[in-house]
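Next come two complexes, and both contain chain A; in the first it sits with chain B, in the second with chain C.
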Partner chain A sequence: MIILESQPILTTPVAHAVGVWIASLLTLMIFSFLYKDNPFYKFAEHLFVGISAAYWMTVAFWTTLIPNMIARLWPAHMGGVLPAAVGQPREWIYIIPFAFGIILLTRLVSRIAWLSRWAMGFVIGFAAGTNFTRYLQSDFVSQIHSTMVPLYQPGATTASTIGNIFSQLVVFGGVVSALVYFFFSKEHKGAFGRVARFGIWILMAAFGASFGYTVMARISLLTGRMNYLIQWVKGASW
Partner chain B sequence: MHKVALIVALAAILVASSAIAQESDSLAVPPPISLKAYDTPSDKGGSITLEWELSPGDTGENGIITGYRIIRYVGSPESSEVVAKVPGGTRRFVDSRTHDGTAYYYQVVALADSVASAPVIAGPVQSKQQWFDRTRANLLVIALILVFAITYFIFLGAKGKELYIRRISGLEAIDEAVGRATEMGKPILFIPGIQDMDNVQTVAGMTLLAHIARKAATYETKLEVPVSRSIVMSVGRETVRQAYLEAGRPDLYNDDIVHYITDEQFGYVAAVDGIMVRQRPAACFYLGAFFAESLILAETGNSIGAIQVAGTAMPTQLPFFVAACDYTLIGEELFAASAYLSKDRKMQGSLKGQDAGKAIALIFIVAGVALATLASTTGNETLLAASNWLRRLFTMNF
Partner chain C sequence: MKRTVPLVITFIVGLVLIAAMFIPHWPFTGLDSKFSIFYDVIAVFAFILGGGNLLKVHLSRIQNRRRDWKYSIVTVSGFFLMLGAGLLKIGVPGGWTGDYQADGSLLKYLYDATFQPLQATMFSLLAFFVASASYRAFRAKTKEATILLLAAFVILLRPTPLGYYLTFWLPKPLQFLHIPNLSTWIMSVPNMAGQRAIMIGIALGIVSASLRLILGIERSYLGTEGKD
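Right after this comes the complex of A and B.
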């Protein structure tokens, strides 16, 4: 993989102070949305969207298009851009993604726009194929493997043995009932329906735990941002 | 002159005696036995595996062997290089810095502190890439079973066999939400998540977008689809254009229905929040892959009183959608949605096939847990072996 070299960015105290002011004011402008939509929020929103769209386009150009496509097809011309690529052999296989990239751009010409569907079909087909094996491993095979544990595992004490049994029963019962819930071929009635209902309870319990956990993480983010603002207020010479 | 000759002679004697001493020391250190070098199987090349029997002097704490030195050369021993030193008791080493197609010779010498044994040599051996990873053969079999089940039911569906799919309440809410937006004369907002088209959840979101766009075109309700990925925008436009065509209203379609905002997660969220509070859509759909933005979007949608339907397979975001939306498609319900809504028998067949896969998983889980429990309770060796084999069937290295 070819890695682009980054240049260190030099900052001065004035530039730093200006940066802190801009960041803090923009934070307050975004927070103002909590009151209601207003011109300050609109300004910050449009600024954010515009800058980030341009930023990501630049990032994609320099980290994807140049090193993964142009440098592989025309390494000899990378002298002023990517010196590491100069001298590397040309990789003709990259003609295929290059062609698909060009085909995707045919959307801009309405008469041949239909060609772009080939490239989109390739992207979706590739995603389906690669994700199939990935999910088969992580969400299917590994999950079955992890669930195949004995319900009875003797512990050091009676209490720990009971604890082990309870834990395994929750895992086993939870997996089986949640799987039953996601069964679409049979109506959730009778015993099957009761197992499915237990499955959705298990899911909701898991969601509740996850909710609490994530809220805690979000609060820490808010705390971090508030701390930034407090530091700004303390450091500002009014 | 005589003195010089004498010094040279003495030096020669010293060197010779040192060499003899070293050789005799070397003879005292028994070398490892039966060195085998072979191309590492089921790999992507660039690796050779060495195996040997321990030196007779390598008997643990009481033995004299402290380690083994592994030397590699190409052609003649003059080009030798030390590849690694491994501790005593080691029987195997994988040299993962080889060039495919180059013939290597390997020497392994046992070490007793600084004294080395005579070398044992293996080679020539070459590394190469294998086309098929035999350790993943179980995955191939499992994949084939699942593909067969899905294909079989698709085939049944295509032949016209009636396939039952249970009611999914969250999906019925989609039509209800579109109807409500139509009655109120307000737009519909559709968010396909923030991931690209290489994410299956985005693909599932697109199939649902087709359904919603068809309804919106039929009822002449305004549809708004802001996206955060350029490829999603292209696919989204094709999807909506096709849906409007199928609904017989191509005149209502324009490219601005699906529009790109930014790839930046929170830039996108800020813009979508702005769209929500300014256009005040009556129905908001969040169907795709979501991350931290899920709650921000759903709460803003809630604050404007929109009917909200969400669907994602991201376990960490589902709780927020469940809390803030009117209906939530949980995990696989999102993927089942397109088959359920389309009423297309082939798609329903694929859903049936997936159910067959789940049934197979369920059988193996129950069998595996029963076997493991019996083995653990009784301590029976046969049961234990069967249980371990069954578990191993569902590992990455079979």
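Right after this comes the complex of A and C.
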């Protein structure tokens, strides 16, 4: 381990300024793509791929692998890294994910790559088993439950009651008709077709709203980056 | 061995987790949380596998001097720099026992100077593509397209001063048409109805897909090698 003792080198104003310059230049490199694909953009893009893979690996290593596997399997050896683990009983059961993890890495060796399917079997089984009950409860039963609400709210004014009743009816009718639209075992004709058509309108309104929100989020990120660049040009701090 | 063992593992793990939901007794108690930790640990190995694959691809590109191989050097260098900074806890106050992302550490510095601005700019770049996509998509040719356009337009106008000034003068009985009110209504009524229907559809799809996986009817995740 390399500790730069008594070296808040990376927190000095010079290091800070260098960091701001790097960040600003990388921002400009990415924006250069708006003109056309160019070497600056490719540089920033390739750098992003490398550092993001390593960053998430590091986060996973320190937040999951160390406390959830290594510290449970070899607690006595964790004094230098995770002192809280020392003295805890060894939990041999965690050899299972360790073994599956190693098996997963065999995918890198083509001759024995088929072994990695065993780990995939666990991952798929876990996802299927948890999602089966989770989605049935939270996304199926509870969503239906939330759609069936009383139309009349005691104590509300007449105007708000009319408004509420109308909104609740739109929600209920919208959910049913959108589900009708998703039902493809019957041809969308006649009354069934008209309900499905109302379902499409509801879905279009939902897609429009989602689209609007996505655009807003992106524009907010864009203004954030533009502000950063303006501050950089002005010579202000991070 | 190549196909039967993973199918058996999937079946047992899936079935045990469903059983754990309904049987709150030994040996099922706490099994779901234990399996969840197993899953997280295996996911870390998947990250390592991803990193290994990335290196394999880019190192072979460098070795064979393939197209754009010079940029692969950037990827590999960035990868090792970030990984080294994080795993070796370079500059972390407090040494090995300190927080790996503490202020003053090289990882935090690299995160602030490279990762964070690159990620934010990459996503902000999408604003331009979304704008050009909306130009093409937002043509009120049909009734459905008009509804999409109107809903997006109202939502986008809401946080702007224009959205307020366009309709603030409406008389009280028509206040529900005031853009901020209309936007709230769109979000909480038609949008919620549409999202709810989609969620119910997705839930049904996931439940049936999960059953197919647990029972071994769906086997595409095993690939084609070794198929009987």
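Brief remarks follow.
What we mean here is this: the second predicted complex is superposed on the first by the 212 of 238 C-alpha atoms of A that agree within 3 Å, B and C clash if a C-alpha of one lies under 4 Å from a C-alpha of the other, contacts with A are read in each partner's own complex, and residues count from 1 in each chain.
Rule of thumb we're sticking to: a residue touches a chain if its C-beta (ideal position, glycine included) is under 8 Å from a C-beta of that chain, and two chains touch if they have at least 3 such contacts.
It should be emphasised that the depicted structure is a prediction, and the values quoted were computed from it without experimental measurement.
Contacts of A:Ile30 after superposition: both chain B and chain C are touched. In the overlay built on the shared chain, the residue A:Gly208 is in contact with chain B and with chain C. After overlaying the two complexes on the shared chain, residue contacts for A:Trp56 are found with chain B and with chain C alike.
More residues of chain A are in touch with C than with the other of chain B and chain C. When the shared chain is aligned, chain C comes close enough to touch A:Gly80, but chain B does not. When both complexes are overlaid on chain A, the residue A:Arg225 reaches chain C alone and has no touch with chain B.
Looking at the shared chain after the overlay, A:Val14 reaches neither chain B nor chain C. Using the contact criterion defined above for the overlaid structures, shared-chain residue A:Ala191 touches neither chain B nor chain C, since it reaches no partner. Shared contact residues of chain A with chain B and chain C: 30, 33, 42, 44-45, 48-49, 51-53, 55-56, 60, 104, 107, 117, 120, 123-124, 126-128, 130-133, 135-136, 140, 144, 147, 172, 175, 179, 182, 203-204, 206-208, 210-211, 214, 218. Remark: chain A residues 1-4, 7-11, 15, 18-20, 22-24, 26-27, 30-31, 33-34, 42-62, 64-65, 68-69, 80-83, 93-94, 96-98, 100-102, 104-105, 107-108, 114, 117-133, 135-136, 139-140, 143-144, 146-147, 163, 167, 170-175, 178-179, 181-182, 199-216, 218-219, 221-222, 224-225, 228, 238 touch chain C in the complex. Chain contact summary for the complex, chain B toward chain A: residues 138-139, 142-143, 146, 163-168, 197-200, 203, 231, 234-235, 238, 260-264, 266-268, 270-271, 273-274, 277-278, 292, 295, 315-316, 318-320, 322-323, 330-333, 336, 340, 351-352, 355, 357-359, 361-362, 364-366, 368-369, 371-373, 375-377, 387, 390-391, 394-396.
Here chain A touches chain B in the complex through residues 30, 33, 36-37, 41-42, 44-45, 48-49, 51-53, 55-56, 60, 104, 107, 116-117, 120, 123-124, 126-128, 130-133, 135-137, 140-142, 144-145, 147-154, 172, 175-176, 179-180, 182-188, 203-204, 206-208, 210-211, 214, 218, going by the rule given at the top.
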